[in-house]
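Input: one structure, supplied below.
By written order: A, B and C. Residues from 1 in each chain.
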Amino acid sequence: MVTPLGSIRKRLFIQLALVAALLSMAFFLAVRGVAERAAEGTQDDILSASATAIADSLRSEDGAVTLDLPYSSLSMLGSINEDRVFYRVVTDGQTLTGYPDLPQPDQPPRLGTPSLQTLVYRGDEIRAASVTRPVSTGIGATTVVVTVAQTRQALAATSRQITATATSVGVGFFLLATALSLWAAGSALAPITRITGSVMRRGPTDLRPFETSAPDELVPLITALNSFMARLRASLSRTEDFITEAAHRVRTPLATVRAQAEITHRKLNKPEHKHAIREMIRAIDESSRSAGQMLDHAMVTFRADSLAQDALDLRSLMDETCDRLGPTADLKDIVIRRDTGDKPIPFTGDGILLQAALQNILDNAIKYSPDDSDIIARVGLDDKITLSITDQGRGFGETDLSALTTRYTRGANVSDIVGSGLGLTIADEVAKAHGGRLEISPNKKGKGACVSLIFPRG
Amino acid sequence: MCFADISARVMVALVALTLMTSSALGFEVESRKLYQAKSERSRLKVISTADLNVFDPIIRAFQDAHSGITVDYTVTGTTDLMGALYDEGAVFDLAISSAMDLQTKLANDGFAQDHAPQIATTLPAWATWRDQLFAFTQEPAILVVSDEFFAEGTAPQNRDELIAVLRDNPDRFQGKIGTYDVRRSGFGYLMATQDSRNSDAFWRLMEVMGRLDAKLYCCSGDMIRDVASGKLALAYNVLGSYAAAQLKHTNGFQIIEMSDYVNVMSRTALIPRTAENVDDARMMLDFLLDLKARKDLVAASGLPAVDAAALRTNPSLRPVRYGPALLVFLDNLKRQSFLRNWENSLLQN
Amino acid sequence: MRFLLIEDNPKLAGVVVERLQLDGHAVDHAGTLAEAGDLTAVANYDLILLDIMLPDGDGRDFLERQRQAEKRTPVIVITARSAVSDRVGLLDLGADDYIVKPFDFSELEARVRAVLRRQGGAADNATTFAGTTLDATKGELRFDNQTVALRNRELRLLEVFFAAPGQVFSKAHLIDRLFSMSDEVSDNAIEVYVGRLRKRLEGAGAKIETVRGLGYRMVAW
């Protein structure tokens, strides 16, 4: 039994999906990080510009620092968003104008460089830009710190939007990558599926090596499989040889016994003794004939899976069969009348199988025909090829004609004749293997039956 | 502010409170009226700079639409309204003011709360800020001229023409010019600062007016009255909605919308952070924002609704925009310096 | 007729020789290919019966040698292999026919006859009695410039009578000669064939005579 260790496809897919998830997450963080820094940078730039504009408007008047708040300094902040704006201008620690409680930077910003920090003011997170500007008052120079701050709601909204976008892109990427992973896992394993399919589709006796193209990784498996099949084939063929051999071994003693029996039969005078001997001989013939047919049938099954493609002439095949069985027919004064035409009938197929089929049909016909009767062997060619043997025997009686081709089924009225019932089965299987069929019908002219092998034309 | 509409309605109880009783609040209450609902479910406290007679029909219509709400309507000045909310922590559910800059400062400094109006999509972008400030009127600042001084078709149509007319006829206009005292009037200050931004002509106009010994007023109504009576030849930066309302009753003056530009002011409603009856405040705010749909109320109150189409067809109309820019002229130093300039120009004697 | 049986199994060889002798044939037996080579070198056979599996080589080699030596003696192969695939190759190798063990001697005889007929026949296969000639190879009867074609059983029956003219053959003996072991026949079936022979022999110098209670014999008129 095979113990399932889980699916490779599933494992492959999960691993690929995990990688995709990690990449998606990294992608998400990167996009959001960059975008948020960009958005923050924009706000910082505007806050710095605003603070610088205010600082630029500082002047001294009557020894004191004063400020004419430039309109643009706050309007520029309002132009990009609707965040709340706070500002404060501090001179020597004293608030000159603006929001006196607005926090100052922890350290006074260096000259020329705005300092930026994120603070909490009036319950909201704010971003503050501060610049330091020395102002000459005539008496001396005083240092003024200008701070401009803005809440970060627009930034938060932008951030949410970026997060949403990055999330949807990340999720989209993940889903796409997952779908691709699924596809990739499937396509990577497709050769296995293909090979599995080609193993499953094989017939029970098809032990040919696989010649399918396979990825490098699967070549050892295929090679191993092929080598296993070769061993199996060799083993099967050894077994077959053994069975055949065993059957043959029995035949020589049987032949001896049979010859002995015939001699004895000659020498005996009492009819009942003669009858007993004949019964014995009949039993020998029956077992011999059955063994022969069984071996033929095994051969048909074996060869049908890998049909030989011989170039044949069905007409001469029929003639040869008639020649071969002519002496057998002679014994009963049966005349085989040939109606095989004068032209060869080319056909591509397995000659040995077709010969076996024809011999079995003709042999049957001879066996079931009465003495001094005729058998007609006909080869017909119209839109199909018909090889038919018509006898004047007893026909098939009441037997279901379609059942005659199943194994070991014999006609309903032949219990007194030696036979195994495999003959028509063999013929039927050969016909099917060649894309044709076996047809059994009553003889149209008089009694008897007509058995035909019908093949489509080449 | 002089149209006392004391039409008593049976269903409404009118309670006029004396200044004495309101002085405890620390800000100056001009008037207060309680619109008692028949069966009171809730009470809505409104603080407003709009006169009672202007807002009366709106409140009544609101009560018709939403029964069970008693409206406590308090009228005060723009600075007092700001002070009441900003410094004194007075509790009101809705604050309505014509001072867009002060309303902006309230919102900027965290004294307003968000509202999602039901008709948000139809509001022009300039008519709202931070989901906290909502403009519901659209009122131009106009020039009012007396028929006695300007025959029809002779009045100046822009500021340069106005300056030229005044310069060319100093004797005729001496002491006959009126404008806001921006030191006292929030609306006057807002219009003057917007003027100073919009045009160089403003300071020249102020110089000319100063030479002509311009009269300074606290309120549009007074200026309109004096122009109508011929006491003044013209008044500059008068609230157009008041003038239009007055023109229905009084003859003797014309309303001139300057062709170079017209500052357009809006009354602004906000829900204070400290509001107690927020639900009704939202309903009232939505009601005000839908004023355009109530032509009867526009006519009765004389408050022109926000009309985006008018702005599109007349490019010289310049609505004052909300935003931190309005905070610039509220800066102490800036205000001091602006007023100093203004005084230097206008108060030459 | 003279047969050479090449068969390594002595028991089988023994009974086959005995059985063929019963039908009046002369049979030499060779147990190996070497022996067979010796025998064919000195004697002429009408037919060789060849078992395909032999201790000192494959019967196929013998067929090959025969063909190279252009020996015209026909060969019927006796094979234990019954499958069609095993049999067809033999004909290609030069065998004239084959027969599968265990075999019916009637069938063997029929095949021998068919092979000889195809070959053109041995000259000494015609027997004459009382001016009547039986040509077993051609399957015909000749007398007075007449030629009468014979069916298989008629021929075989006549062969029995021609082999020993004047001798009385019992019905049982004739049945044994005429029908195969697997046929179930009654005693009087032979009368049908005797009747037919008499018809064939009409006008000839020989005739079939009934010996009451004993059987039949062929005598001259």
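Here, a contact is a pair of C-beta atoms (placed from the backbone, for glycine too) under 8 Å apart; a residue touches a chain by one contact, two chains touch by 3 or more.
Just so you know, these numbers come straight off a predicted model, no measurement behind them.
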item	value
Arrangement of touching chains [line / ring / star / complete / other]	line
Chain closest to the assembly centre - both centres taken as Cα means	A
Distance from the mean Cα position of subunit C to that of subunit B, given in whole angstrom	145
Whole-Å gap between the CA centroids of subunit A and subunit C	65
Euclidean distance of C-alpha centroids - subunit A vs subunit B, Å	81
Residue list for subunit A, restricted to those that touch at least two other chains	none
In the complex with subunit B, residue positions of subunit A that touch it	66-71, 73-75, 77-79, 82, 84-86, 96-99, 122-124
Touching residues (chain side subunit C, partner subunit A) in the complex	9, 11-12, 15-16, 18-19, 22, 78, 80-85, 88, 97, 100-107, 110-111, 113-114, 151-153, 172-173, 176, 180-184
Interface residues, subunit B side, partner subunit A - complex	107-110, 129-130, 197, 321-325, 327-328, 331-334, 337
Subunit C partner contacts - residues on subunit A that touch it in the complex	244, 247-249, 251-263, 265-266, 269, 271, 274, 277-278, 281-282, 284-285, 288, 291-292, 295-296, 299, 324, 326-328, 330-333, 351-352, 355-356, 359, 371-372, 416, 418
